[in-house]
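Got a structure for you, questions after.
Letters A, B and C name the chains as they come in the text, with residue numbers starting at 1 for each one.
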């Protein structure tokens, strides 16, 4: 790295720096954006369009477009050579399309019995057939028409998503804040306090990172049944707290441990207690780490399905947004085009959280506190 | 939460302190008692209430967050009245105690229970010794799962860390920082079901619908390939699932790296630049060492994510076509096949794989000096 | 700072809690959901208590006609329910169906709930397997569970978590209202030997071939009634330049299940019922010539690129719900699709039975084995035993219990007292007619096999074989090896 020649090279390219940086960033952004963009486009398309054509077909492109359709003459020799509109070929050749010199194509659609012949031209086109219907169903709830035994048809409107949205919020906010607070204390304890069992307990925290939460479902639900906590919001907050704590503690530990030692030392010299240092110094300094964990925990609890299903259930009055979305797809999984719109609806709030917490990722929190 | 708070409230060396003042004693007892009662009452309110959701949510936030904070405050004020020796002994447990108690309840004890069940038969009744473990290490399905998890770590974890770091660093110097970071982060916000829909569409065999096959057939003229399922590209069909994970998880790494980079004091960077270091030297000599701790943390976390990867595989292939991983096998054995013993053994093996990571992090802890 | 701050904080906390609670405290009478499930009081007590209050109210009204009918069938609890004895009780239910099916279910229960005052709370989820396993093991099971696969119910039955149906419903009535084969399919190994666990509430017919009726008529294709006619039709379509069959077995985590249906159809058509039953029980191995022959007899169609739309390669990668779309293109690209009656929900919107599509029975191959019919269905099993739960279970054992759903469409009723005119659409009525014409009815074998096979190696093996990843012998040996013994 430090050889003279490479240093020189770097010097030279450093003028290109901003371009290089923004260029590669742009490339990454485009790659990352592609699937999301595809999802966005698809969320405005009908089920039929999604099934039969790619989302990129909304971009104007050249394709074979039908000019006119003619009914095949029953007398044509379908097993031999046919002459249609100046094109000559067998049935198989027409099925693949025969292109004429004038740029049109003669195309046989269907089989020999009930087919039709299309005369096509290669033209600019775009599949710009957008609908808001998907969003309407996701936001407003599906409409079901149920035939009654007496023959009448009863229309039932499923709940709109507001209830589920509120449920999700009720689950998510405490499930995000509680573990952060508990983990911050624990992280400070592990990082800057001396006590017996520190090592054992810390290893336990790291080891528990890998525990798949599925193994905890049965015993915890057993306890909840005993405590009458099953089906309550309190139960699910505690569950999310428990499942989120290892990561929260671990991430915050590593951040708090990395804070400059001399800050704490000088505070101790000034006679501050651990508690004061934690509240006055550590918490404010850890805001970026707290904010980033808050984002993750929020996302995970927001997008969680299984924990909510087990501990609060799927009844309409308590079900969270993810369950509504999963149900959107229909009893047989036949309405999956609604998922594209649903995914966007459920994305809005996490993004708002991200944007509002992003401002905490700023340089200079430690500025002035470090010498040199 | 109450349960954990009781631990630090042991009386210790209180005799001399008791005589100091009675008012102190009163507050010392009344405040914790009041706190406890309020929290206790809140517990039942939250458990049993069918008040409007918004009310519950607000109470919940006050109760949950405020209550936790109050417990810490009260516990600490109690400990503060103790002598120095006792304070030094007890105070750490006020800090770590609640977290440890919750972890014990929610994860450690269930893990021990799983360990026990892993020694039992499929109905969780008869003791069968280690035969479930023997089965774990001798079935072909499990071999494939182990191999796939290694692929996930080698490619998925590495790529997530590299992309996350790259974006964090590039964005830090770009005027478009917020846009760039938001875009990379966005996939994390998409629910797994949504991600599944879009990536399944990407990999769709029909070139009219699947972008990858549209490009592939357009460029090479070959027949479309079933990227997730094709036996002829196995085991590399796993890579197509890994891409989904990288797409989803790089945002995680990026956010943490970004926070760490922001934590580098500007003065240090300036000093480096003033000393004539090039940007790349600043990067390797100052930034990387400074955020090394974060790099290790993020890598550890993402490796563990890759070890217990579940959602992506379940949504994309359900573990078919040779894409099963340890966690999907656990799910399949425990829930689909109702084989409690075998499923639990798989979960325990998953736990064992984390030992090297634990040892490494323990060393980190030993390097750390505490007060 | 702490000492000053702490009391203040607690005070604030108390105040805010009280404030927040005030508006809520008044309407909160008692947590409604818990007591019914928790108390599990002895039968007599609940009955007494319930009787004391509402009888007076109930007596004022005319007796519900259901009461007498239930009495006549010996369904004591159901009669008592119609009498109003269980008014105000709650029966919790869970199952895998959501969305439209949940609406249909709620609708079909509405009349019963109104007449009896029993509140049936149904909760469906997409992660049914995991959630019911966790709930049952943790002791949080609902009162009644709708199992789409009897195999899972069998596991719980063995663990003694299920109340046998014969405890809740008079055996004589069950025998009267169900074909013996349905009762046999509900008989499972319990802790005290085999018993009948659960009652069949509704079922789906599988041995159906769908075709695009309008195009079929235009092309002049005949509807086949025998295997030979079906083969002639296949050849006719091939010679006209099309592929006859639309086949797709992709289904995410469950890829391959559609192929197991075909295997079962051909097992029923190429070998005896005894062999089919033995195969389902694991007594006849997959490697046996009978099973191999059954698979090969439809593999000759599947492996023939001219027979299947998109060719063999497309089978494994085509989503089962997308497979029939080729039939509805104009003109169709494929003409025949074998699938259960639920597939109509995947047909394009606006298509109509009898106009755009039709259905015929997949004919038998060998006269010796008659015309068998493959079905799948939902079995209701009780996890708790309370009088109102009994009443609901007894209700499910009657045709009335599924009547609302039949009207709404999408299901068939296995109960003998189901009337054909209850079906809300010609489609289900016609299918019920086809089932009635069958010489034998058998349940979807893969649903009866242990999870390792029926929801695992069997799916995977079929997928591997048709994707070309392994040959048939290897696949069959692997399926046999996975059978838990």
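Criterion: a residue touches a chain if its C-beta (ideal position, glycine included) is under 8 Å from a C-beta of that chain, and two chains touch if they have at least 3 such contacts.
A quick note: this is a predicted structure, and the numbers were derived from the prediction, not measured.
Of all chains shown, the one whose average CA position lies nearest the global CA mean is A. A count of C-beta contacts for the chain pairs A-B and A-C puts A-B on top.
Computed from the mean C-alpha positions, the centre of chain B lies at a distance of 38 Å from the centre of chain C. Centre-to-centre separation of chain A and chain B, using mean CA positions: 17 Å. Each chain gets a centre from the mean of its Cα atoms; for chain A and chain C, those two points are 32 Å apart. Along chain A, residues 51-52, 214, 218-220, 228, 275, 326, 329 each make contact with two or more other chains.
Counting partner chains per residue, chain B has residues 47-48, 56, 69, 76, 80, 331, 334-335 touching two or more of them. Taken residue by residue, chain C touches two or more other chains at 2, 130, whereas all remaining positions touch fewer.
Interface of chain C with chain B (complex): residues 2-3, 5-7, 9-10, 12-14, 16-17, 20-21, 23-25, 27-28, 31-32, 129-130, 133, 152, 155, 158-159, 252-256, 313-314, 316-318, 450-452, 455-456, 459-460, 463-464, 467-469, 484. Every residue of chain A that touches chain C in the complex is listed here, in rising order: 47-48, 51-52, 78, 91-92, 95, 109-116, 142, 144, 146-149, 151, 154, 156, 158, 214, 217-222, 224-225, 228, 230-231, 275-276, 305-306, 309-310, 313-315, 323, 326-335. Residue ranges of chain B in contact with chain C, taken from their complex: 27, 31, 34-35, 38, 41-42, 45, 47-52, 55-56, 58-59, 62-63, 66-67, 69-70, 73-74, 76-77, 80, 122-123, 205, 223, 226, 229-231, 234, 314-321, 331-332, 334-339. In the complex of the two chains, the chain C residues touching chain A come out as 1-2, 33-34, 38, 97-104, 107, 121, 123-127, 130-131, 134-135, 137-140, 215, 218-220, 237, 239-242, 321-322, 325, 330-332, 342, 345-346, 348-349, 403-404, 406-409, 422, 424-425. Listed in rising order, the residues of chain B touching chain A in the complex are 1, 43, 46-48, 53-54, 56-57, 60-61, 64-65, 68-69, 72, 76, 80, 89, 91-96, 98-100, 102-103, 105-111, 113-114, 163, 166-167, 170-171, 173-176, 178-195, 197-199, 201-202, 208-211, 214, 247, 250, 252, 255-256, 258-260, 262-268, 271, 278-281, 284, 293-294, 296-297, 300-301, 304, 307-308, 310, 327, 330-331, 334-335, 344, 347, 350-351, 353-355, 357-358, 361-362, 365-366, 368-371.
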